[in-house]
Every structure is written in structure tokens, then in C-alpha cells.
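Two complexes follow with chain A in common, the first pairing it with chain B and the second with chain C.
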Partner chain A sequence: MELCQACALIVVQPLVEAQDLVKHFAQGGGLVGGPRRTVHAVDGVSLQVGRGETLALVGESGSGKSTLGRCLLRLIEPTSGLLRFEGVNLLDLAPAELRQARRRMQIIFQDPVGSLNPRMKAEEIVAEPLVIHELATGPGARRARVTELLARVGLPDESLGRFPHEFSGGQRQRLGIARALASGPVFVVADEPISALDVSIQAQIVNLLVDLQTQDGLSFLFVSHDLRVVKILAHRVAVMYLGRIVETGPVAEVYEHAAHPYTRALLSAVPSPDPARRRLRIVLDGDPPSPLDPPPGCAFHPRCPLYASMRDERCRTVRPALSPFLGGADSHPVACHHAGPDA
Partner chain B sequence: MTLGQARPATVVGATFLLAFVLVALLGPAVTSSPLVQNLDLVLAPPGGAHWLGTDENGRDLLAMVFHGARLALITAGSTVGICFVVGTLVGATAGYLGGWVDETLMRLVDVLLSFPGILLNLAIVALVQRPSVGFVIFALAINGWVGYARVARGQALAVREREYVQAARASGAGFARILLRHVVPSLLGPLIVQATFGFGGVILVEASLSFLGLGPAVPYSWGSLLAQGTSYLWRSSRLAAVPGAAIAVVVLGCNLLGDSLRDRLDPRGRTDR
Partner chain C sequence: MNATPLLSVRRLVTTVRLGSKDVPAVNDVSFDLQAGQALGLVGESGCGKSLTAMSLLRLLAAPRVRVASGEIWFEGRDLAQAPEPELRQVRGRRMAMVFQEPSAALNPVVTIGDQVGEPLRVHAGLSKKQAFAAAVELLEQVGIPAPAERARAYPHQFSGGMKQRAMIAMALACRPTLLVADEPTTALDVTVQAQILELLGRLRRELGMALLLITHDLGVVAETCDDVAVMYAGRIVEAAPVKQLFAQARHPYTAGLLSAMRTLDAPSKGDGRKRLQEIPGTVPALGRAPAGCAFADRCGHAAADCRQTIPSFDPLPDGRHHVRCLHPI
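Here is the complex of A and B:
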């Protein structure tokens, strides 16, 4: 019930809204680069993130989820499409306006080593957004704010003068989170924030993110391939395959009534803590196809168990659109010609 | 790393350069004017008041070499300084921004590189009758910065993709802030190596220009001393040998130090141990 109210709110006023977002990277070309080819990293994605909502983006590596996350922040310039943040068209903003808007949207990176400048102290790292946006000015105020942020993510005061290499992996990720929170964002893209961490540390960071979500009411785009964590953190989930969303909906709905064969394969790979509830593993053959040359029709068909058994011509020729699929009590969008609970 | 662990080449290189800098800073203060002539005492052998003897005009050789050291330090220091700053900024900008900015700046670099370096320097100093020290520095810097630009660009291309640079962008940092706070500090290592070699290179080029009579219009620059000394090679070989040795010591010091700095930065390329 609570979830449905949240859904209603999202529809009324999404915080982040992307329509038909496309990002193509040109490869080769130029004077001696050989034939010019296009990488279809993000290939027409529409999504919305509501206030206080967490949308999880899941998929294999190379499915374009990180690129999509960065496009939403305009860290990567989308090739085409529409992008709104707090009702403002982000793609229309001039560079100076965009820098201003960045105060309200932030990113947490996967690699806690690479995302911190090794030559800067923790205090400088966390204070940088404050300096840029001229927040917490005045003597003492800035340090007080940095200390507060460090405490918020569970780092002691002594951290101020330390360099990144003097922290452990989990602490570095906390530092990255503190930096992301510094300017007071409402929307945070968390780009696989826990996949580079030890399992024992992952839980701590997940708990921290849940805290931020519930206490500060932040909206997250949570990019991940860990479906167990997604279940804990996210309200809604979008499954990406080769630059497109193939299934999306509330987490409970998608987890219980997965309709796309790819989603079901992903879910079947999640280890279950309950030995009585062992699911049938669906093992996919091969690697995801190259985004340089996506297969015609449904991009998933070369690996799809349904196509393997049915050999439906449509899968090879017609690209399925996202259309509502009635799984449980509610319907959610799925892009499959043969969507069904047990097809 | 303590001095005991340093390689001999590093110690020798550093010692040579340190000696050069000390002589350049203090030498002129402890010697007489290099321009005072004593025609009663031409081509005097070493000893007495003139430790290294006098030249054909009765000028004190030690004083001239010491003053020449200061001139060399000023010329090479300024040239390397200018080249370092200009090259780093141009290269880092090209590498970080990429696209047409990169293309434009790097084609300019290619154009300058397509001239044999010293030919361009020669052509420029030959434009004026008696080039001042400042003009020589200008002539040396005009194509000296391109090496730094290429090194900086290559590094910046890699640094641009680092996530901390992305994080700075995500925080709303502008171009200048990202370049100066995040990109340039990451480039400094290889550029300092480049500058160390470059310092020796500038000393050598400046000496060559002076040798040809196209250097700064100062009689005691090492290159001119060498050129004058060659006329008296048989009668008084030290007139050429001393400035020649001075040039060799400084250039060798730069190369030795540059080698060990490079090895320290990139242990894979280490040739010994």
C-alpha cells in the first residue's frame, strides 16, 4: 500500500526524468582509424526517479548501466533524448548553469581508490564541493561542516588530515560518500558503490546508504549487478540489456513475477539462503553481444532460452517494445514477445 | 631513500648540479669583475692572484667562468621555467579537453617540431644585432616548450579518465580548477624528469649559440669563452678546457640526475639492480 502511494507520487512529479536517452560512442574513423563504427551504449532509455525513491539499474557488465547513470548527470553528454532534473531540461543548460545544478546531483563511484585524488587530504576532498559552490564559508564553518559529513558517514575526526591511501577500502568509500553528500544533493547516482569492497564491508556501506535514504530522503539511482542488495535498497528496479531496459517495475513485483527471460536468468543466479527454496538455475550461453553490432530484433534472442525452444521469427526481426505485463496484482513493463511467468 | 642507498650516478649528478648552482649563486661575489683587463698579465698561468690564470686580455679566467655560471643558470633556469609552465598548460589543456582544441594545439606543436630545433633558435637570434639575455631566453623558449607539451598531453589523456577527475566534474568544478588542482599535479613527475634533461639541453644550446657568436652579448658566457679559448689551444689550453669542462659537468649532471629520476618514477625501465 505504501509502495503504491510512492508510485503515485512518482508519477505526479518525478525528480529525474529521461526520455528516449541515447548515447552512441564513435569508434575509429578519423584520418587513419579505419571504418567508423558506433557503440550503442545506451539505446533509447526512458526512466523516472521520484523524490525519495531508489531506482536500481541491473544488468551484466557492458549493458550500459554506468553510461546511463553518467548520462543522467550529464557527466557524459547524451547523443540525443530528453533529460529533466527537478523539472529543468538539463540538456539545455549552459556550462555555468550546469555546474550550478551539480550541487543538487551527485555520484558515488565504484572504485574507492581511483575516485579519490591521491594528492589531496580527506578534508580537501570532502571540502571541494563546498569550495566550488561557496557553501559553509567563513573560518571554522567549513571544517565544522566537513567534520559533520565525516561523522555522518562514520569516519572519525582524525581522518581530516589523512591521505586516501591511509584509509581502508571501506573507509575510502565512506569518504567518497561524504564528498557526494557535501553539497546537499537530492539525487545521487551510486555506480556499483559496493562491488569493489569486501563482503564484510559491503553490508556496512549498504546500511549507510539505507540510512541516507530513509533519514535524508535522498533519491538514488543504484547501479548494481548484485540482485540481493538491490532487493534491500531499491524501490523499483530496471533491468538493462545491451543499452536498453528490458523489464522494469517495483522490486517485489519484478522479483516475484519476472517476465523477461533475461530477468529470470539473472534472478535464478542469486543464491538463496533458504535451501528449501532452491530455484532452477537458468544458465545463459555465451557473452552479451557486442554493442558495436547489436543483433537485429530482440537483442537478447541469440542467448534466449525461449527463442532456442520456439524459434519465433519475430524475435529475430522485430524489436520488442516495453509494454505492460500483468504478473501479479499489478502490471509492469516488459520488452519481450513471449513475456510470461512460465513461458 | 637515504644518501647511502642512492645510486652513485644519482649522487654524482646531484653533486655536479648542486656545485653548479652554488658557484652560480656565490661565485660572482667572491671573485673580481670578469671584465677588468690587465694587459700587463696576459695569458698568465694559474697561480697567485689568478687561480686559473688570465686570458689574452689579462682577464681573470676564474671570475669569467663563475660569472658565466650565473649567466648560464639565469638563461637555462628561465628558459626551462617558461617552457615548463607553457608546455604543461598547453599539453594538459589539449589532453584534458581533447577534440578540436587538442588537434589545433598539437598541430602547432608538430609545426614547431618539424624545424630542427637549433636552426629555429639561430634564425631568431640572428634577427637582432646583439641579442640581450632576455632575447636569447625568448629564442630558446619559442620551441623549447613543445617537448613538455607532448609529455603533459600524453599524461593528461590518461588522467582525464580517472574517476577523481570525473568526481571533480560531478561536483561542479570548472575547467581551471580541474586542470590546476587535479590534472596538472598528476603530471608533474614525468615533467620534472623532462625539465631535468631540458636544463642540460638548454645549457648546451645556449653554449652553441654563444660559440657561434650568436648568444647573449656578454663576453663571459661559457660558449664565448670556449670560442675565444680555441684560438689559444696550443699556448694555453685551459682557456678552452675550463669552460668546456664546466659545460660538460653541468650537462652530465643533468643527464645523470634525469636518468635516475626517470628510473625512480618508472621502475620497470630500470637498467641495473
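Here is the complex of A and C:
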């Protein structure tokens, strides 16, 4: 991972780059009726993912992290913004060109049951990207490639002729990973890939993802709500709240020196396995608000302990920009009017 | 510890019909829960933890799923043998349950207030109006703002966290002595999970109610429970006071789970990326457990005898720590 010397934050030659990416969904109106409203799913996000790097996107449900992940692959068409992949503006590509680019970027889904065709055998599932992109042509070559992919994700040869329901949850996720790897991608969006798995299986998949990255120099966008896993898997992390990144930086910095009150609450809410260390928990009031009606000013202010004590008018009226906070060595971008290590 | 436990489960076996055979999905489960204490029942999906909870009140899809043997002593009666009318006196009144999916457990066409008050109409004979007024108080107790107004709302107007609060309010209506909570925070966001765990802790202290918490998350147990029992493939494999289990796990399965969690919990320094300790293999499917210890195939400590003998659930010398392993760590 190459870091800019000046700020130690911006990746010099990003593989993936988004600038001011916006995705709004229209809701209501038409046949369904009701007033026409806009869901601000992704609301002006800029980020980079470097080669061989894992950027984790964390946030609660409705924060827009999954939508953002799909926008980066143009699986969902962004409303506005700039999107570059390997230096090419993805949003300019014609369908045929986009299909070519898709070979280099893939996705792993949360639910391995819902994302695997139940009527296809493992061999057909993993071979499908090869067929689409006309790779490893010839039945002998194709089978050899599929077997190699299965071996890489730790599935035995006998898996070839099996259907998804004959695999366990962890094995199905391995199958989904093999399919994602088939076309030889450099960038993989992993959307909550371990959330549906059992605790003892999660570690297996996490280790597999780390090994694959080490071997192939893959870049990952790891979408997750599990802050424990993100810490050991990602190089950098971006915390999302209601469609915007509120804090981002190298994992160790953000975890040890969280500056945004939301990040602090999120980290303190993670249950610790050490009963002797029951931490001081910051319990937020209320629920994450709906992206249909984002609060004005800072979207977090209705739940923010800082706003509750300071009642700063700016929090209610001015949306804070994501700017580096000048807190010394552990400085990293944060979107808060009152950010700071002692905030 | 010599007082009669509020709940005492002895050698409970609950079977599930698979084809023409009844396969034990809860097998030889025994535990005690004292009044006012919190016990965490931990395990992965399919280990039988939820089925154990459902067996307590016999909320089972009989005859396919049924309590085949064992005793469930609760407030002086054996619920394993109790006839249905007697069970109805216990359900929701002395022992109440909260489920993982509040959306699935709430009736979408009945107001929150009417649903929360329903146990009081059924068990305490309150009128609809009285029950609604009581529901408003209950909603206030579980931290729902503007409860009088919110009681008139329908479930779809509530967020996930609010629905779970309403479920807890309903469970508290008849002041049960035991609350069984089956993965009450699994469907919730982490900041909302923290709210619900705080709420359960506060209610337990205020009402002196016992809590049986079913979860897959050892972290949640560490933060909320006094005692913990770990289940694997239908059996409790280890049980101990929380502090003791987390200080020194004796079963290799518990030790494996804890080790992975500890790596995750360690402070991140520099490039924090590291490998997690894996437990190889997968949980055996129902009815496919190997002979001997069900964990033997995945266990780094397994010896030849582990594949032949099913270990018994024995106390360690200190008397409070039990483990089902021939070669405990």
C-alpha cells in the first residue's frame, strides 16, 4: 500500500477512486401512491482503494454501505459523482466495455444461499464467469481451472458435481469466493461475507480472504457491521452514517484514537469477551434515523452526546465536511464540528 | 448456592422426527438457574440452544418435536410432565419469552398497546381499557418515549429496537420470575444492541427477575450473565460462572471460540492484521454426529478414546465448573 508522504492518508495510485459519489432512490409516487420522496442512500462519498489494500466500510443498517459497494462496481448506477477503476472513468463506459471491466472486479455476497443458483452444480457455478468472459476455453482447460479455483478456496475435487444445498454454510461461502475469483479480478467487494456464518466458521473465511490477498495482491472493499473482524482484516476503515463517511483512516488510528462521537459509541458498543473488562459503554439514544429524512446539519446530532451537552447551533444547521482534524500524530479525516481526541 | 433453584433442568432430551426416526436435538441437558441470576446459553446455529429454551415451556411442534425424557423443575412443578392447562398458567405469567425477530412475533394488525396489554387480559383478567393503561406504563418502563402516544401505533411504525423493547414490555406484563430471551439482540444494530442489553440488565436489577439468555455471542454473555453454559451438537459441553469460564476454559471447543474472540478483542497496534485461530471442519448435521464425542473430529486434543466414548458431564474439583470432555485442557 502506497501512502502519500505529506498526509499519510491519500493513496498515491488508487485502483478504485470515487469522488463525491451520490445515489438517491425515489420512493413513493406512481402506482404505489404516496408522496414522492428521496432516499439519500449514498450522499457525497469520496474514497480510494489502493492495490493490495483492504478498505473496510463499517456502519449500521441503512447507512448506505452496501449501496456504496454496489455503486463502485456500477451494479447500481450512481446518481452523480466520479468513479475511476484502473484509471478509467467507469461511468463513461458503454455496456460492452463495462462487461470487459467487470472481469477485473467482482463481488462476494452476504447470503451464500440466495446468491447461488440451487439448480446449478458447483462446477457450473464457478465456470460461469469463465464462460461469460470466454476464459479457459475448451472443456479440459475449463475443468482444470475450476478444480484449481476450488482447491484455492479449500474445497475438495468431489465438490464439482454437487449442488449448493449439499454444502454447509461455510462451504457455500467458499464456493461464492471461488466464483468471484474465476475471472481473475483485481478488486473484490465483499459485502458482509461472514455475517451469515457461524462463529467457528467465520475465522476460516476471514483467514481465507487474507491468504488470497497475500497471494494475489487483491484489493478488497470489505463491507461489514462487525467492528471486531474489520480490525484484524482491513488496512484502512471508513465509518458511514446515513450515506456519508464520518471518519476514515488507518485501522489502528481510528480504533485507538476515534475522533467522531459516533465512531466512539460504535466501538464502545462492541461486547468484550473479557468479563473483567466490562467497559464504559457509550449508549446512544434512539435509532439510526431514516435516510428518507436525514436530519439537517450533522445527521448524527439528534443522537450525539456532544450535541446534547453543548447544544452548538452549528451541529443543527451546518453539515460538517470530512476534513483532517489537527490532532497531532494520529490525525485522520473526520466529519464533526467538535472532533478531537478528548471530545 | 444451596437454595432451591428457580429453574432446574435435569437430563432433558428433546427429539426431532427425521424420516421415521426420532433424533435427539437436545441431549442430556442439565442446568440450574437461581432466582434473580442470569445464565447465558451459548452455541452455534443448530446446537440446540433455542430448542432447549422452547422445551422449557413446551413450545414445540409436537408430535414431530417433543420432550422425550428428563425433568424441568420450575417453581415446584415439573414442566416436562405438566398438562397443557397447567403450562398455560406458567407461560407468559411466571416465565416469559422474548424472541430474536420482534417483527415476526408481533401481530401487524393490532396496536402495540393492545399487544403489550394482552397478557394482563389473559392472566390477570384486566379489561381492555385497564390493560391498555398498564401497557403504557410498561412501555415507559422499557424506555419508549411518549408511551401514551406510541401505544396506539402499529408494529410497522416501530423501528427494530423499539419493537424489541415492546416485546420485552409484553414479557414483563405479568411480572415473571424468569425471562427467557432467545437471541434478543441478534437482529439489531450494535448501538441498539447496547441499548437492549442495558435495558435487560436494569430490569433484572429492578425486578429481581432471572434471565436465561440464548446467544451465539460470547461477548454478550461476558457483559450480561453470571453463569454460562456452552452447547455443542445438542449437549452442554461446559458450564461455569462467567468469570471462571473466561479465565480458564477447559473444553477445547470453548477454548477455540474464546481464542478467536480474544484475537479480535486485542488492541490494534500498527498494522493490526493477523490470522485468527480456526476451528477446522464444520458442525455435524443433526443425527450425523460421530460416535463418541461430537467434537472429536474438529478437536486438536482428541485421542483414540474420544471417538468411542461419549464423555459424561462432570464437575471439576471446585464443584462449580462442569465439563464434558475426556481430556479437559
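To be clear about the criterion, the second predicted complex is superposed on the first by the 318 of 343 C-alpha atoms of A that agree within 3 Å, B and C clash if a C-alpha of one lies under 4 Å from a C-alpha of the other, contacts with A are read in each partner's own complex, and residues count from 1 in each chain.
The criterion applied here is as follows: a contact is a pair of C-beta atoms (placed from the backbone, for glycine too) under 8 Å apart; a residue touches a chain by one contact, two chains touch by 3 or more.
Source: prediction; values computed, not measured.
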item: Joint occupancy of chain A by chain B and chain C, clash or fit; value: fit
item: Which superposed partner A:Arg103 touches (first chain B, second chain C, both, neither); value: first
item: Superposed arrangement, angle subtended at the Cα centre of chain A by chain B and chain C, nearest 10 degrees; value: 80
item: Which of chain B and chain C A:Asp274 touches, first, second, both or neither; value: second
item: Contacts of A:Gln204 with chain B and chain C, given as first, second, both or neither; value: second
item: Which superposed partner A:Val22 touches (first chain B, second chain C, both, neither); value: neither
item: Chain B versus chain C as contact partner of A:Leu91, first or second or both or neither; value: neither
item: Touching partner for A:Arg119 - first (chain B), second (chain C), both, neither; value: first
item: More chain A residues in contact [chain B versus chain C]; value: C
item: Which of chain B and chain C A:Leu82 touches, first, second, both or neither; value: neither
item: Shortest CA-CA distance between chain B and chain C [superposed frame, angstrom]; value: 14
item: Chain B-facing residues of chain A, complex; value: 70, 73, 75, 99-103, 105-107, 109-111, 114-120, 128-129, 132-133, 176, 179, 182-183
item: Complex contact set, residues of chain B against chain A; value: 162-164, 166-174, 177, 181-182, 185-186
item: Parts of chain A lying in touch with chain C, wherever the complex brings them together; value: 60-61, 168, 170-171, 198-204, 206-207, 210, 225, 227-229, 231-235, 251-252, 255-256, 265-266, 268-276, 278, 281, 283-284, 287-288
item: Residue numbers on chain C that touch chain A, as the complex places them; value: 44-45, 159-162, 189-195, 197-198, 216-220, 222-223, 242-243, 246, 256-258, 260-265, 267-280, 282-283, 298
